[in-house]
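Take a look at this one; I'll ask things after.
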Amino acid sequence: MVIALCLLVPLCGAPLIVAAGQVSANLRETVTLVTASALAFLVWSLLPEVMDGGRPELFAFSLIEPLEIAFSVEPLGMMFAALASGLWIVNSIYSIGYMRGNQEKNQTRFYACFALSLFAAIGIAFAGNLLTLFLFYEMLTLSTYPLVSHKGDQDTVSSARIYLGVLLTTSIGLFLPAIIWTYHVAGTLDFAMGGVLAGHLDGPAVGLLLGLFVFGVGKAAMMPVHRWLPAAMVAPTPVSALLHAVAVVKAGVFTITKVIVYIFGVEFLFSVPESSWLLYAASFTIIVASLVALRQTNIKRLLAYSTIAQLSYVIMAAAILKPLAEIGAAVHMVAHAFGKITLFFAAGAIYVASKKTELSQLAGIGYRMPWTMTAFTIGALSMIGVPPTAGFVSKWFILAGAFEASNYVAIATIIASTVLNAAYFLPIVFSVWFGKESAELQQNDHGEAPFAAVLALCITGALTILFFLFNGPLIALERQVAAGLP
Amino acid sequence: MNLFEVLGHYNYWVFSILLMVGMYAVIARGNLIKKLVGLSIFQSAVFLMYISMDKVEGGTAPILQSGNPGQLYSNPLPQVLILTAIVVGVATLALGLAIVVRIHERYGTIEEQELLNAD
Amino acid sequence: MILVGVAVAILTTMVLAVIRAVSGPSIYDRVLAANMFGTKTVLLLAVVSFIFGRTDFLDLALAYALINLVGVLAVLGFFESRLKAERGRVDE
Amino acid sequence: MSMDLSLHLPILQVIVPLLAAPLVVLLQPRNLAWAATVAVCLLAFAIALQMASRVLLGDILYYEVGGWRAPFGIALQVDAVNALLLVVVSGAASLAALGCRESLFAQIEPRRHPLFFAAWLLLLAGLSGMLVSADAFNIFVFMEISSLASYILIAGGPDRRALLAVFKYLVMGTIGATFYLIGVGLIYMMTGTLNLADMARLVPEVADQRPVLLAAGFITVGLALKAALFPMHVWLANAYMHAPHAVSVFLAACGTKVAVYVLLRIDFSLFQAGNLDHSIRFALFLMPLALLGILVCSAVAMFEGQLKRMLAFSSVAQIGYILLGASLLSEAGLTSSLLHMFNHALAKSALFLAAACLSMRFMDLRIDSLAGAARQMPVTSAVFVLGGLSLIGVPGTAGFVSKWVLITALLEQGEQGMVMVAIVLVSSLMAVAYVWRTLEVLYFKEPAGELKFAEAPPLMLVIAGSAALLNLVFGLMPAVPLALSQQAAQVLIGGAP
Amino acid sequence: MTIIFSLFLLTLLVIIAIAIVHTRNLFVCIALMSIFSLLMAVNFFTLDAADVALTEAAVGAGVTTVIFLTALRLTARREKREGTKASLLSLCVLGITMLLLIYATIDNPTLGDPNAPVHVHVAPYYLEQTYELMGFPNVVTAVLSSFRGYDTLGEVFVVFAAAIGVLFILDARKGTGPEYRPEQAGLKHHLIPKAVGGLLVPFVMLFGLYVQFHGEYGPGGGFQAGAIFATAVILFSLLEGEQAALRAVPRSAQMALVVGGASLYGFVGVLCLLMGGTFLDYSVLMQDPVIGRQVGIVAIEAGVGMAVCGSLLSIYHAFAARHPMEGRDESV
């Protein structure tokens, strides 16, 4: 029942937003906020039951025997839904400030599509089987396209086409065959604890199927299917936040984690050496993406490559196949979300206030925008994994998992990437606070971004720190996933 | 196989030849009316095939003669079918000609190559 | 037997008509050949009905004769209108 | 006068529209001919539904015209194989006539309405007649009625290129029908009967004789021509493109599928039952052509600039899916094939209805010229989206169900099947590309001038909307068509005509 | 005997067909087509298909030629030169196909073989039962109008479709464009055609009626009668001009014939259905099934005759009454 409401609220929110948009901008934004709050309330109300080991289910209907559209809430999905719905509120607040501050056009379409993409994200989170997940996965791709191409000029549209092309091609060309293959060998697509493939498949085929899944889920941005993410930087900042923190890339790594845990089964994968390539591939992506990030001069592009690296953290963590690492994977999704959304909000706030987009222009900006840059600093520290930020918690778990597995590749990767992260974030932080504004920039007099934007980024910045202190419930929740693993 | 058996298939050979002659006019000729003429020949070939199978040696047209109880009659069924097919052929032809007339009115030509170049 | 002889004779003249119709050279030759061919058909039909002993089919021959006439008239009408159209064009 | 009309349903399905046609010619005022046509189409639709419901319960409706028992007279038979298609045909006729009212009135002068609608009913009657008939020659007669009627309807297109398209269609259609006639003649020559059941009984005795093999060839090629199987599809694209929009809706939904039905019915009941080699030959002929058709025509559709031509090429590709399923010769394959006929009809009618709606506001249906149409016509665009999703085969839409069944059937074939699955997926990707291209223009391209909200007339919108929703309904609840298709596949595999 | 005739006539047929395809003058082509049709008809006659022979002659050689000529008047007279490459290729392909076809027909039953499957399965039933069931001797008519009456119904509607199609495409129903009114239309100013032709018109009509109502006993029936009747009117129109013919049989009357004929056929069928039989089961029309069938057959043959006559006439007039300059595009 609650699940159905969770899906209906954003779905009905979209037309309501459109209708409200005909009346006035204020009403439209009120509707957005109300919808977001209602959704968050509903999702969070499911939390106690799941924490107690309950698995609320909703059977929608059956397509063809035995294919069905069904929903089931388990810890991973719960966490993803709670994260997405919670951040939607913050993001909406931020959007109001950003969109008004930038005087963007087509704002109604923007808010409506946002609601739709949240609908898709919740659907992904609560999907009870691969088919349902796939359906909402595609819906998410489609509903974010208008957001990415929001600006509507030639460059934007061609970048948005790359976004759409990569995501659709990989999902239909690889993900769908993987689903069909799974169905063909296992006879079911339901997510089940311990996986459904054990005993149906062995040897290189497992590695191949895993590959189809990992690269088919383009949203997880494993190299070489990461091209869409930098391309999507043309989107307005709230959309980037949606992509990087709230829904899209999270949906990708969430899907992969879910496939590893509930379709393959951790134990089964562990027993098949052919599947170990995933760890190496993820490590490769982490290192290479970090190196590329090091060379970026544009703030948002740098953040994009940082995201690619961080996503592979999650995949690598999941691929370590140890209980602590699985928890780390889940926690890292949340930790990265808080940190990255803060960074994006800050980047957007800088853009709204001063139209600056390049790293070189940031010198000394900390004194003009103290709130923003404080939050930015917290986010950067969280990316590196410095306590007391959220990033530390998740890295800790992953590292612990890697030690448990005696997986030296993973350990080395984590250490190397932490060094690289520090190498590209710390100079920025340094120059923001201690750099000197160049002469021409001094004439561009500006202060903080609109209040709504600053409020939002302060909230997320605070959350990044608070998560370090109060992460117990989440870890308790995710322990359920790891329970019973070797 | 004696001579009569070989010659007894002559109708079917002619059927094949006419079929291909008609087809040739349809495919290789550029004039639309010529194509319709070809189509007509093409269909006539089929009529010939059907009618050829109705014949019974020593038989006569299937209109019963009261005086001859032992009389053999040819098969009426293919005749009925071909009656229908002839009418169908004429109907198609008339429709085709109407279209050709309209094409000539609106394009000023009924040569395939010129029509293709026109649009 | 005489009927068969007649039939063969008619068939021969039909062949001649066809030769004229195919080889031309002028259009009038062909039209005339076509008309003649129609006439031969009527005759052949009559003879064949006698050979097969189904004289009740003679009315078919009648129909052929009538249709042949209409065909010729249609051809003439065609020429007439062609001629007029061409003349009209010259006048303009 | 006590009589049970339900006994006469099979013949009523044909003669209701057939006999209404001459009466419609007499109706001159402009709305009257249309209204009468719609009424008759709906009546035919009701009859088809009634029969389908009885077939679903396991009935086979059998009817002997003129009271002569088969094989001496002509018999009609409605079973699972044709019941679903009868619903499609009569449904498409009703939907197109209802949903394109304004478009028709804009494209056909009122003076010509009575003739046009008479031809419309003749097309419906011809297609229904082909479907219900259990007599090989009778199928030819009704094939010709439907062909002539469709030539007339297409020639009603406003552009002069419609005439060229229809001439090509006429020539190829006649060749196809004549080939079929030759094939029937050859079988008749060897068996002495025209009744399909009787033929099925007698053909195995002479199955290895050359005329029967020749007949199989002629019938397959002839019907493939009619069905626009690649590469015999050249007539189709321009015919659909230049036809009046209503006619495109009608024909795209069911025009070629009836020919596919005849092909399957005759092939499975006559040739495959009697000749083991034949099934291999049939598969070897159809499968490569179907696969090539899927790939080539999807690719052509990707680069086609005209909306309706693009949809037409996609139709040819979809015919490929239908025949690919059939060429597997398995129950699952046939199920997918029959189900796809139904589902594709749903998707294509929604798409062409959307095109008709668009044409009410946009003179030119080149894709590029539709920029920003979604702002002007949001409902129409939404219909297009739904239809497009169904065409792609997105889960939740009707198109997915049949594609899924097809893929399952392909996987049963082992390694070879895997390759074909890959082709199906690649072509789905192409479908994404060509559907998306249009959607992008509709939704995200800046219009040249200021566009105000101006939707198509309400009736058209309502019908187009319901057609689109049907895609969802049958995507989410495919039980009935699926059950009928499964029954039909069993009937066909069983060899009973 | 038959084989000898066939050898002769069919060889001529092939020659004519090749000549037809070869000639570039479309008018000659049509003239040869009429020879082709006549030859075909004679062939049918020697193959014992008297009814088909009559139809082929009336429809194929008569009406088709006339319609071709009227269409030719509205289009071009000569075919232009076309590319030879494609035609050479198709010639080869078609030649090979032809040889294959000939090879494949070797298994066909020999011409006239009384034991061929066609002669032993369904046909004997018709030959044996017709007299008993229908009370008249023409088996072809019996099969056409009763055993396979449903096919014939379809055929009537094919003709109907052709008529409405031609009218629709040429849009001639209300005479939109300039009506074709040459001052001296027709051949009435030529003495011989007028004298002979004018005399013949009533006889042709009479003959048409005879064919219509004698159809149960000799070759003939609705189709042939309709075609012959239409021929008579066409003859009249050739002699007296389009206008006179249209005055005699106006367009509305032609349409009424088409609609009436088709409806009559359908009506009889539905009547059978309403009286408790199946569709087109005439035996229920009267107390005595044989009489009932005869009544039904006469009625539907009348319907066929009307529909065919009306259709052919409206098709003919749609072409013949059209001005060569009518409906032109400005651009052309």
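Before moving on, here are some points about what is shown:
Labels for the chains are A, B, C, D and E, by order of writing; each one numbers its residues from 1.
What we mean here is this: contacts are C-beta pairs under 8 Å (C-beta built on N, C-alpha and C of every residue); 3 or more make two chains touch, one makes a residue touch a chain.
A quick note: this is a predicted structure, and the numbers were derived from the prediction, not measured.
Common partners of subunit A and subunit D, by the touch rule above, are absent. Farthest chain from subunit A, judged by C-alpha centroids: C. The geometric centre of subunit A is 71 Å away from that of subunit B, both derived from CA atoms. Here the CA centre of subunit B is 20 Å from the CA centre of subunit C. Centre-to-centre, using mean CA coordinates, subunit C is 47 Å away from subunit D. Distance between subunit B and subunit D, defined via averaged C-alpha coordinates, is recorded as 29 Å. Listed for subunit C are residues 54, 56-57, each touching two or more other chains.
Looking at subunit D, residues 137, 141, 144, 148, 151-152, 155, 160, 188-189, 194 sit in touch with two or more other chains. Within subunit B, residues 19, 23, 53, 60-61, 63, 77-78, 81, 84, 88, 91-92, 95, 99-100, 102, 106-107 each touch two or more of the remaining chains. Across the assembly, chains come into contact as A-D, B-C, B-D, B-E, C-E, D-E. Only residues 101, 103-109, 116-123, 125-126, 146-151, 153-155, 157-158, 160-162, 164-165, 167-169, 171, 173-174, 176, 255, 258-259, 262-263, 266, 269-270, 273-283, 329 of subunit E touch subunit D when the two sit together in their complex. Looking at the complex, you find that subunit B touches subunit D at residues 19, 23, 26, 32, 35, 39, 42-43, 46, 49-50, 53, 77-78, 81, 84-85, 88, 91-92, 95-96, 99-100, 102-103, 106-107, 115, 119. Those residues of subunit C whose C-beta lies close enough to touch subunit B in the complex are 52-54, 56-57.
Subunit D contributes residues 394-396, 400-401, 404-405, 407-408, 411, 421-422, 425-426, 428-429, 432, 436, 440, 443-444, 446, 475-478, 482 to its touches with subunit A in the complex. Only residues 1, 5, 8-9, 12, 15-16, 19, 25, 27-28, 31-32, 34-35, 38-39, 41-42, 45-46, 50, 53-54, 57-58, 61-62, 65-66, 69-70, 72-73, 77, 182, 184-187, 190, 193, 196-197, 200, 203-204, 207, 210-211, 218-219, 224, 228, 231, 234-235, 238-239, 324 of subunit E touch subunit C when the two sit together in their complex.
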